[in-house]
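You will see two complexes here that share chain A, one where it goes with chain B and one where it goes with chain C.
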Partner chain A sequence: MATTSLITDAPDDRPSNIESTALLAGEGRTAAGTGLKRFMWLLAALSVIGFVGIVFRFINDDGRQDWGFYAATLAWMLTIFGGAPMVAIAPALAKANWVRPVARIASLGAIVTAIIALLMIPLLFKFPALTQFSEVLGDDVRRRSIWFDSRDYAPHFWNVLILLTLALVGIAMAYVMAIPDFAAIRDHGTGWKQRWGKKLARGFYGRPQQWEWLKMRIGITGALYFAMLLYTNFTFSLDFAVSLVPGWKDSLFPFYHTISTFQAGIAFTIIGVWAARRWGGMNKYVGHEQMWSLGKFMLATTLLWFYFFYSSFIVFWYGRSESDSATIKLLVSGPYIYLFWTVFFLVFIIPWWIMIWNKVRDSVWGPPIAAFIILIGLFLDRIRIYVASWSAVPDDLELATTSILQDMPDTMWPDVFDVFIMVGLPALGLLSILLVTRLVPLVSLWEIQQSRLITKPVRFLRSHVQLVGKPD
Partner chain B sequence: MQQRRILDEFTVNHELLRGNLATPKWWLPTVLGLLVVVLFGFTLMGIMFNRGLGVTGLSRPVYWGLFITTFVFWVGISHAGIMISAILRLTQAEWRRPVTRAAELLTVFSLLTALFFPLIHAGRPWRIFYWITPYDFARGIFPNARSPLVWDPFAIGTYLTGSTLFLYVALLPDLGVLRDRTTGWKRSFYTVASLGWRGNPRQWRLQTVAGILLSALMLPIFVSVHSIVSWDFAVTPAVEGWHSTVFAPYFVVGAVHSGVSAVVTMMALMRWLWGWDNYIRPEHFDALARLLIVVACAWLALTFAELIFGVYSLEAPERALREMQMFEWPWNLLFIIFFLTGFAIPVPLWFFKRVRNNIAMMFWTSILVNIGMWLERFLIIVPGLSRKQPFVFTWDSYQVSPLEWGLLLWSFAWVMMLMLLFSKFFPLIPLFETKESQVFTTDVQIGRVTMPAVIRELD
Partner chain C sequence: MAASNSVLGLYDTPNAGADAMDGLKSAGFELGTFDVLTGTPYPEGAFGEYVPQHRLFRFPFFGAMVGITLAILFTAGTQLAYPVITGGKPILAVFAMLIIAYELTMLGAVVATVVGIIFESRLPNLNLGAYDTRITEGYIGVVVECEDDRLEEARGVLQTAGALEIKTA
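What follows is the complex of A and B.
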């Protein structure tokens, strides 16, 4: 039986293109409400506190170990904001239609990577050179790193360069993905938004060739961003964590770091979707389908987090060498044992048991709860890793070049300046995203319109289904 | 999707059951030829059991050689089934439909083959039973339950059971079709095998739910199997190059790389041998090649991490091993072949659409991948054992004996023979999936463009 004879029309309650345009690009886009304004002022105040924290951190500086919480906060921000754009890229490359309404929320995370690159500068002053022991131990003595025979400050230089490239590619991608929306704002908006829309649309009028170019640019920047994110996680996690601990040799750790970046990126997007529904009036555009699909990915990355952690752990556990045991003690069973178990529950056990139920995944409240728990858990995880690594400063210089961590550091607790930094810097990231959303619609208008064009609610025999076109 | 053919149910039944209801001319000579090789292989095994492991090249200190390499290789190939069938089913990838049966079949037969190798490697395989039945209570000799070597048979056994069940559940509707189109003993056989399948709504619902549940259940088993195989090596700090945390995902991703490539090889053969041009189309090779590009890049990243961390520790023995693997004869030649065939030749080629849609090119590149992946396992296992350690005084280099090469050949002939035997009795492309695809896909007109469309559930 031909399929077409089984399909009949069904009522279509999706917002019309005129309605979408008015809400996302035209008069419907009102100025920030009082609540949002207050929230943004609060974030601005917290950001200032964060900078105060950095200044006082410099003034009260007793050595490398004092900068562990700063490194952990930056790593957490990279984890969340750097990972979020992957939600816009990966499903889009696989032609998943559900991702269209959330692609903008996810891609905006890339804006913050530029801030992370700038915030890394203070950390570089505290980051040891490769030949830090050469004055005492001789010119040929270098600490272990992936920059084998490079110059002393190779990690400093390359990490900044890599992060800046990530930021550049990420912002380019977010911008390219927003060009048709800028054109819509130019044509339907008013005031300063219209002026900015005109400038940023760069003559986009939706001609076939312009769409072809746009598609190609999104593809190229997306693929580049993915590669750069992997590379950034690789170098950042190795240079700012693994290489600082004598004897920690873990070839899986960069991938563990990357997987948790994907996990956090999805969690951030889920919370963004929830916020867009709760306060942004986007209920008609983002909903169950997005939560359900994102929830499945979050469950998958949660399971992968455990798999990557366990794959490392079992090798250390069975290895039983002195360096293996010291690494386990530092990161799991030693000074951060309570933190480790908290992380284990927040990042794996609790989200797993929440997200395993299809009814929960298919709700608008279940995934955000799990996502929030995961983000908190990953923050503690970054503290566990980076604070431990930055506190592993060997007393004996010779031990620093050996393959065993001899002196187990004590548990590091944050002081008031660390708290300022931990609160202020993520607030700055969030503020920058909210500022951008004043101009760029939170839900991509052109993606919504394209989705409306290639999908259609229909009845298939007695079922209500969706007919999804698959463009080449 | 792009090259969809509209086929009625009669045509689907007629074309896909052609191999089951009649015998192609090439089938019997091919099976007989393979049978000769298989019997030759069993003879070699008999010789080895009779004379002992001395007839192989295995000797102190290289106790793990070609047999264990081939074991890991076939376990790797077995990952094709779940990757293609379970993951693509869960993600509702429409192009999976003609590929699933062949992939599941490859899983079952390659696992069966993989199981042979630890058995014959033991030299006296009957002693394997002592692992299962502790025999000497008085001396306290028990299998070490904490060893991944003991977990291996359990993981592989569970995977084999699950995969067989997975294959069988997906076969039920097709067995019902075969029952209704055969006579005599074949009809009796299919009647029993189809478990009373009538295709009523309740049976379809149960079959669909079972498929999804098994897909979800098989995924963790799929990951655990090759992870445990990797831990056979990784938890051993004594051997240079083995004690690496990345091994578990490295082995799993490598297995998917080789498994999906093996599916490509098999799909090309099926299209050529049975003339299933309407079902196995260039678009399927295109989709598989795209999947392979992603998998191969992930595998390359893990390979890079594995190599760089070998040097990272700045420890002399570890560096010496890497130098030996990459720069010393004959390992350097093997390393170059491994890298060229495993990644450098096929992956750049797959970036071109013309290559992805060219079935002959896909066939040969997929074979290249599996040559590379076999060499990868060999290069992981043997050099680490071969390098001279301090205080070891008996030394010899490992030379693969003709008997071992013979058994490697046997394993390929064995898998192919089992596949061909299966193809005589069961359809290699699922009939019900093909028909379902015909119903769930259509064309839509958007502006001046006609594009394929699929029907998706609303949440």
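What follows is the complex of A and C.
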């Protein structure tokens, strides 16, 4: 039987290449232009407030416990902005066609990792060295960490280096993915955009060899980003949380941290897709298929969140040593019990209940609602973990000499400067992404155009399907 | 009551099969009384066929509810009947019970799903109706369930669409 005879042409209302190229001039968001500018000014103002919060945090600094909310905010930013590029990487490595329109939104999260690395510097001043008070305790007495007998400031140095490496490879990936769009901006843009397009396109003229190199560079930077993201989550979570609580020994915690990073990255991308449709004029480019596919991944990571939490928790719960009990009390049943249950519902129960329904998962409004709830829940989760850790044993001498958490700290509440920081720093991250989108289109135009080349809406007998020519 | 018949039209192209389905619809045969048989999966609705809404998702949900209920009764009952304190934990240790609860919830969901698959697939189907083994070679079968009084009409529609052979069972 001749299969081709089953397929007939169907109306194609997808945007043309010319239409897509018009987006380079920012036409896609003219409808929301004024609103977007106002929103960016708002974010800028909030960012300034965030910096004011940091300054006053230094001025009103009574010890390490005052920096818990700052650490939690950075951890949350790493969770969402650092995790988002994985959405661009993993499906692309598996050659999934649906991911093309959302790859840009996801990859732009990498920009913020550089800001996180810089924002980490103030935190390092409050982060204890491995050996404290050596004149009193001697060099042999070291606080517990994954750095064992390394130099005193090993965690400080390596964590900055790791985050900078993550930022470097992330920005490199985002840049490489945008090179063909820069070439289009060079050719069709005007004014400052064209000048920047010319600089950033780096002589890309679309030769077969250049496309081949591009593909390889995206693959290599993507794989490296994935490796670095795992490593960053490993060191960040162990150094800035686990090592600050005497007796907290949990080899599963970095995995828990990482899986919630994937969960948040997907949630962030879903909200980005929704915003791009709602305010960015991208209805023709991203939509139903992307929401559906991302929604399934988000449901999977939501289930994994509980799996990793429970796997870790049951060991402590049944272990029942003094340190196990103290750790559970600190993080779950003690000063943050209400926060824990809120997190449990926001990160697991509610999104799970929303996303198990096919009709909801298969809509353009269901996944963003679940994604928003997850992001709020993970913010509270990071507060639960990092604020508790930073307030567990604020005294450096005690931290170096204590192996079990003896005195349970009180619940820490944010003061006004913490609120400034918690609002301002994520606003700065979002602002940096929106600033980049002044030049770089919110959707990857060359990938959309490639998708258009290799797919075609057709009529298959009596139904409508997408004909996909999947490249090798 | 007239006897029910199963009439099969065999086609060598999907287009002809789709035409037969269109013809049956036009002739006023009710949706659900005729269907298409193929050896490979075609996109949903390719033949304009009636796509029944499956209810399979209800089975694992029901099974899971039964499973978790049994698990709670089982673990709570056992521990209350034989109260041995383990690791200083309460007799009814929720987090330990959760592991059994998860297992029985999954077991209930899995068993119910398997039952649901058998039920929803109408297996075992002892009344096969008209069939032709060439369908698994790529031929398209269009099968109509009808009463005696519409038998000839059904055969006529299938023939008009270009059936290579028509079988009645």
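We take it that the second predicted complex is superposed on the first by the 447 of 472 C-alpha atoms of A that agree within 3 Å, B and C clash if a C-alpha of one lies under 4 Å from a C-alpha of the other, contacts with A are read in each partner's own complex, and residues count from 1 in each chain.
One rule holds for everything that comes next: contacts are C-beta pairs under 8 Å (C-beta built on N, C-alpha and C of every residue); 3 or more make two chains touch, one makes a residue touch a chain.
Small disclaimer: the values here were computed from a predicted structure and weren't measured.
**Student:** Tell me which partner A:G469 touches in the superposition: chain B (first), chain C (second), both or neither.
**Tutor:** In the superposition, A:G469 contacts chain B only.
**Student:** Comparing chain B against chain C, which has contacts with more of the residues in chain A?
**Tutor:** Of chain B and chain C, the partner in contact with more residues of chain A is B.
**Student:** For A:L453, select first, second, both or neither according to whether it touches chain B, chain C, the two together, or no partner.
**Tutor:** So A:L453 only meets chain B here.
**Student:** Which partner does A:Y318 contact after superposing on A: first (chain B), second (chain C), both, neither?
**Tutor:** Both partners, chain B and chain C.
**Student:** Give one of first, second, both or neither to describe whether A:F253 is in contact with chain B, with chain C, with both, or with none.
**Tutor:** first
**Student:** Regarding the shared-chain residue A:L6, is it in contact with chain B (first), chain C (second), both, or neither?
**Tutor:** In the superposition, A:L6 contacts both chain B and chain C.
**Student:** Per the definitions at the top, what is the overlap between the chain A residues touching chain B and those touching chain C?
**Tutor:** Touching chain B and chain C on chain A: residues 1, 6, 314, 318, 320, 460, 463, 465.
**Student:** Within the complex, which stretch of chain A touches chain C?
**Tutor:** 1, 5-6, 310, 313-314, 317-318, 320, 358, 460-463, 465
**Student:** Which residues, counting only chain A, touch chain B once they are in their complex?
**Tutor:** It comes out as residues 1-4, 6-7, 144-146, 148, 230, 234, 249-255, 288-289, 292, 303, 307-308, 311-312, 314-316, 318-321, 324, 362, 403, 453-454, 456-458, 460, 463-472.
**Student:** Spell out the part of chain C that touches chain A in their complex, as residue ranges.
**Tutor:** 12-15, 18, 21-22, 42-48, 57, 87-89, 95-96, 98-99, 138
**Student:** Show which residues of chain B lie in contact with chain A when the two form their complex.
**Tutor:** For this pair, the touching residues of chain B are 1-2, 6, 220, 223, 227, 231, 234-235, 237, 243-249, 301-302, 305-306, 308-309, 311-315, 438-442, 444, 446, 449, 451-459.
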